[in-house]
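Consider the two complexes below, in which subunit A is the common component and subunit B and subunit C are the respective partners.
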Partner chain A sequence: MRSPAATTALRPFITDKLFLGLSLRDYLRSLATPGSLTAIGILAIGIPVIIYRFVYGLGAATNLTQANPWGIWIGIDVLSGVALAAGGYTLATTVYIFGMRDYHSVVRPALLTGFLGYFFVVVGLLVDLGRPWNLPVPMLFSFGTTSVMFEVAWCVALYTLVLFLEFSPALFEWLGLEKWRERAMKLLLPATILGVILSTLHQSSLGALFLMVPTKLHPLWYSPFIPIFFFISSIIAGLSMVIVESNLAHKYFPSRIEPGHAGDLDRITLGLSRAASVVLFAYFFLKLQGLADAGAWHLIGTAYGAWYLVEMLGFVLAPCLLFAWAARTSNPTLARWTAALTVAGIVVNRLNVSVIAMNWNAPEVYVPSVMEIITTLTIITMGILVYRFIVNRMPILRLLPQYPDTH
Partner chain B sequence: MKLTRRTFFKVTGAAGAASVASAAAARPAGAAGVAATPGADMRAMLIDTTKCIGCRACEAACSEANALPEPTQAGDTAVFDRRRPTSVQALTVVNKYPATTTAPERYIKTQCMHCVEPACASACLARAIEKTPAGPVVYHGDRCLGCRYCLVSCPFDVPKFDYDSNAPFVHKCTFCGERQAKGLEPACSSVCPTGAITFGTRAALIEEARQRIYAPDSQYVRHVYGEREAGGTSFLYISDRPLEQLGLPGHVPAYAYSALTQGALGAVPFIMTLWPPLLMGLYTFSQRRNAAAHGDHHAGDAPRHEEDRHA
Partner chain C sequence: MPHDILTLYSSKALEYGIAISFLVLFIPFWRFVMKPAPAPAAARVAERPRVPVAEAVEWFQFARDVGFHPGHAWARFGQGALATVGMDDFARQLVGSQASLELPPPGTTLVQGEPAWSLRNGDRQVAMLSPVDGVVTEVNPAVGSTVGSLGGDPFGTGWLMQVEVRRPAANERTLLSGDAARAWLQTTTDALRMRIAPDMGLVMQDGGTLVDGLARAIDEDNWDAVAREFLRS
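This part shows the complex of A and B:
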């Protein structure tokens, strides 16, 4: 058992907690893997690119124009990032509210992914904002209450804090801060409920942003129901992302997995697949209602219509059926690949709404610049590195023996 | 009234569905009924393209009033060879549309339309864009985050973002708010030599526009562009060619854009008040179910504190 003094002494903290019990030299050597070197390479290029963007402005770093003011930093880093981080509220609700304890072992990873997802969404947003230093203005001084963006800003800020709170027991267990952990545990249920409220609001509001572009967004994607589409698809994104993430964690961090849990994963994967299939089914028909409501059937025959069909059949209906088939035939491998397909489909949908089908009737076409792509890759890489750092140290995939009641 | 659990679920379920439906029914009804002219007393401009000769005096006056560089190719008609949008350094621009077999050559000045209920102002999360009661839609750079949602929202593609700056602002026509406050006319209309730009109140100018287009042997298209577009704009256009042919966007809906998001924003209080009781109900239900599954029949009667804290 740990002694209280160990947490206050600096040297054991560094070697035990940060260097995983290795000496500095051994620790650095342990990092020299192909994955780490790739990540360092991306950061070595990406961080100067981000600095370049702040020194010379958005025009120098991006292909954004007056006609296309939003690019992949909004479409991928923000819109897709928020949707794919929905696993936090989805799984927290399943386990803490619905009391489905079978899914306990994936809650902490889901909350961690959610928290890091939102944290790096905020990082991406700061890179995209022209005047990020004015962020306190709508939070403290000048409230644009008629703006959906105002709702998004407040909800994302609050929900990032809520996710930190939900994740914090693992942090306090790692640091051995018993009292703080107790306090955080008491707040879990209210935090989960607050998290569901905030997620319902801003996941839908990110879609509601596009209610303002009835003449600019292609009729196959523009719909008064777009807030509901975004909310429902965030549940799909959350479930699929938990499948992808937990399976990758089991593959790349086998030593961190609780011995008894390795077999659980397939059962959990199939359970989540069943849920994802049902929600995808509902989402598919909701989207059809949107199509009928817009009266846009005649546009199916156009090039945009073909692309719409790719999204609807390839990334919504196909995963729906594949998930159902995987659950029915108990095929976790198929479920894993289907989850990856669904995650890709969410990114496709968010890019369609914000970039590809946007300004569809304008002559100018937006293609992201190399620096935009590098920046997006850099932010994703930072997220993966922080995830790895935390999973290797804190009780995320495996619980500490002194907290048997955690799950 | 005794509130049973069944009733509770019925009520919360119905109310939840209703709030979602209200969010979905965000589509505005449009201008229904005979209402007073919106923004009747606000300052406005009437631009009559049949009177514009393309001298670009308005461009020069605008640049001077806003301390911007002199317009590109001043005095050179070659400037009309390609269509120019407004920009960070040119808040109003005159473009030429050549004659067709059925329609004469026309020049048209474009700038911010100063909507009565602007999309950009309702989209701004920091109130950096505001509609003033006098008419001008004004921009406060010190509040702006540079999110560019105003550019996305504007149906007329007016706001322009300074991509070349590392501390960028949004730029657009100010309707010479400062000049107006001093009792002066906006720069562009004050220099127009042909009377193509008329400055006045919105109601009076709509009246004036109607008189011109319905006059005997009028050649005008019978449409005052801006009377209804996006809920009404302070800049109004009339022409003898459809204004869609002169570069103004067609199919701009007749409702104010703020109506588009009202339903979604109106759902916020419903979600905030209905989710907690609904989720607490589900939580209690699941606790009892799990306790019953474990054969602990008293669990539902008294809260089990250790259990409640479970993560």
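This part shows the complex of A and C:
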């Protein structure tokens, strides 16, 4: 039984911090929105599906086979998830290392998106791997130091921790833990530097995984440069995701936005589009270089070639020019739509490499099962719900007055 | 594709060609992306703000030729789509001359009734709402980083920015002007008097001038809340 003092200390914590100052009944009522109900519906179906996968195994829940061992859980949840979470290291570097403090107001949302992105990448990976109790084996007891997988596993684990450290000042401010916050703030710069190193390593290593399958991956997508492609496109994904995410946050959490920041956001959006257009420009030429190196021009005329052109022209060159045009004409609305197109393009690229152009000449074709799709939707929904929970409570979009100079 | 010497040379040549075309094309692309768009023609022949008609509502200057937003920002519509935007004397005196002024840069899109620029004093800041919908084309170069730099002429030389307004007629109709604006400012002034009445030290008994930074004088610790109440942000 709790002492009366503990109960009185706990109650304000629960009502103020968790229920946003509402009573339990009012708080639950405030959750009864179409969005929340949809999310609850997805979780109600998805969580039993995930349990089913752990109980009965991959064979029962998925269409994965020995020939097609990687499906959309890897293509979307892991590969796209890691790329789209790159906003954390991109923006943290911009602000804390390059000192471009104009972008400070989007660092915390970017770090939060990054942290949640990686956290749910790990969740997705665990669903794919199964047997979570075996996880310490490759991490601690049986190093496969010659394997790219080993490097990816350690990098992702360490970087998730680094992202938590970078995000933790907001958590400690919310909990009112002054001393902890000070310590976390001191770690911010070293954590950012470590974050860039780890991201450079594993963003490219995820591409390097595909160096092992030169015959399985279609020649238009296979290239010895694929680690570089993955790394460069992660910068594009990060920048675009920050634009998309910050604009959605302004739209759906208006009460959490610092007053006077509407104009600020347009300026930041245009600055990020400028950067994204330049990186996309370089990426487009790098991809051309990959194509020339592979000598795969003759495959452009095939069905896969047409799909390759859709990716290159529709999701790389078009966003590059649209971002440039948006920056040039100061059109933040165009920049936002272009960012959404680019984010879609990154998912298309990762799916192409890991699923669509993989085993292109094999007789067996992989199509994800309904349970795989439900699981992916469930993981994304959990990510959005946790994001909403945090943004509504912690100083992410808006600073607390007692910590004005936080970022 | 056979990997004989000639094929190798041709594919290397292609790779060098791609690298060189990248470098050559990158220069104009960079210049295109980095250079801000030239201001619209309308902005370049902008009509300069006129000196307003001197008029006052109690302690505050008032202008007949501008439209007032209830958040104490004003807009003066000129020929075409261009409007001059500023903050009124009430807002100026409310936050005080030492408050710093953070204006949006040219190219920023403003939305009527949404925060457009902010006023900061110490670690607290208050937003002011835009009186129009449009894109900022120019910021008054004569205005510095503090409210004090507006000088004593908030409706004239103390204008804040030029905005290319998307819907000038519709925006103008929603703003208060003339006698309606005067009556509104009188009501607001009365409300302010009610706030400061309990502390008569603020006002000279003989109807003299107000202290600089009224909001701070009303409530030192929560000046931003007081300012927000009057500026409706």
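Here is the rule we use: the second predicted complex is superposed on the first by the 397 of 407 C-alpha atoms of A that agree within 3 Å, B and C clash if a C-alpha of one lies under 4 Å from a C-alpha of the other, contacts with A are read in each partner's own complex, and residues count from 1 in each chain.
Criterion: a contact is a pair of C-beta atoms (placed from the backbone, for glycine too) under 8 Å apart; a residue touches a chain by one contact, two chains touch by 3 or more.
In this text the structure is predicted, and so the values were computed from the model without any measurement.
A.B. asks: See if subunit A has more residues touched by subunit B or by subunit C, and give me that chain.
C.D. replies: B
A.B. asks: Contact-wise, after the overlay, does A:A327 reach subunit B, subunit C, both or neither (first, second, both, neither)?
C.D. replies: After superposing on A, A:A327 lies in contact with subunit C but is clear of subunit B.
A.B. asks: Look at A:L288 in the shared chain and tell me whether it touches subunit B only, subunit C only, both, or neither; answer first, second, both or neither.
C.D. replies: Touch status of A:L288: second partner only.
A.B. asks: Answer with first, second, both or neither: which of subunit B and subunit C does A:E364 touch in the superposed model?
C.D. replies: A:E364: touches no partner chain.
A.B. asks: Can A:S205 be said to touch subunit B (first), subunit C (second), both, or neither?
C.D. replies: first
A.B. asks: So, A:S147: does it touch subunit B (first), subunit C (second), both, or neither?
C.D. replies: first
A.B. asks: Touch test for A:V137: subunit B only (first), subunit C only (second), both, or neither?
C.D. replies: first
A.B. asks: Find the residues of subunit A that appear in the contact set with subunit B and again in the contact set with subunit C.
C.D. replies: On subunit A, the residues that contact subunit B in one structure and subunit C in the other are 405.
A.B. asks: With touch defined as at the start, can you tell me which subunit C residues reach subunit A in the complex?
C.D. replies: 1, 7, 11, 14-15, 18-19, 21-22, 26, 29-30, 32-37, 102, 104-105, 107-111, 114-118, 123-128, 135-136, 228, 233
A.B. asks: Tell me, which parts of subunit A touch subunit C in their complex?
C.D. replies: So the residues of subunit A in touch with subunit C come to 258-264, 266-267, 270, 274, 277-278, 281-282, 285, 288-289, 292-293, 295, 298, 324, 327-330, 332, 401, 404-405.
A.B. asks: Write out the stretch or stretches of subunit A touching subunit B in their complex.
C.D. replies: 54-60, 62, 64-67, 69-70, 93, 96-101, 107, 128-132, 134-135, 137-138, 141-153, 169, 185-186, 188-189, 192-193, 196-197, 200-201, 204-205, 208-209, 211-216, 224-225, 227-228, 405-407
A.B. asks: Contact residues on subunit B for subunit A in the complex?
C.D. replies: Touching subunit A: residues 20, 23-27, 85, 87, 119, 121-128, 142-149, 151-153, 155, 157, 160-168, 249, 251-253, 257-258, 260-261, 263-265, 267-268, 271-272, 275-276, 279-280, 282-283, 286-287, 289-290, 306, 308-311 of subunit B.
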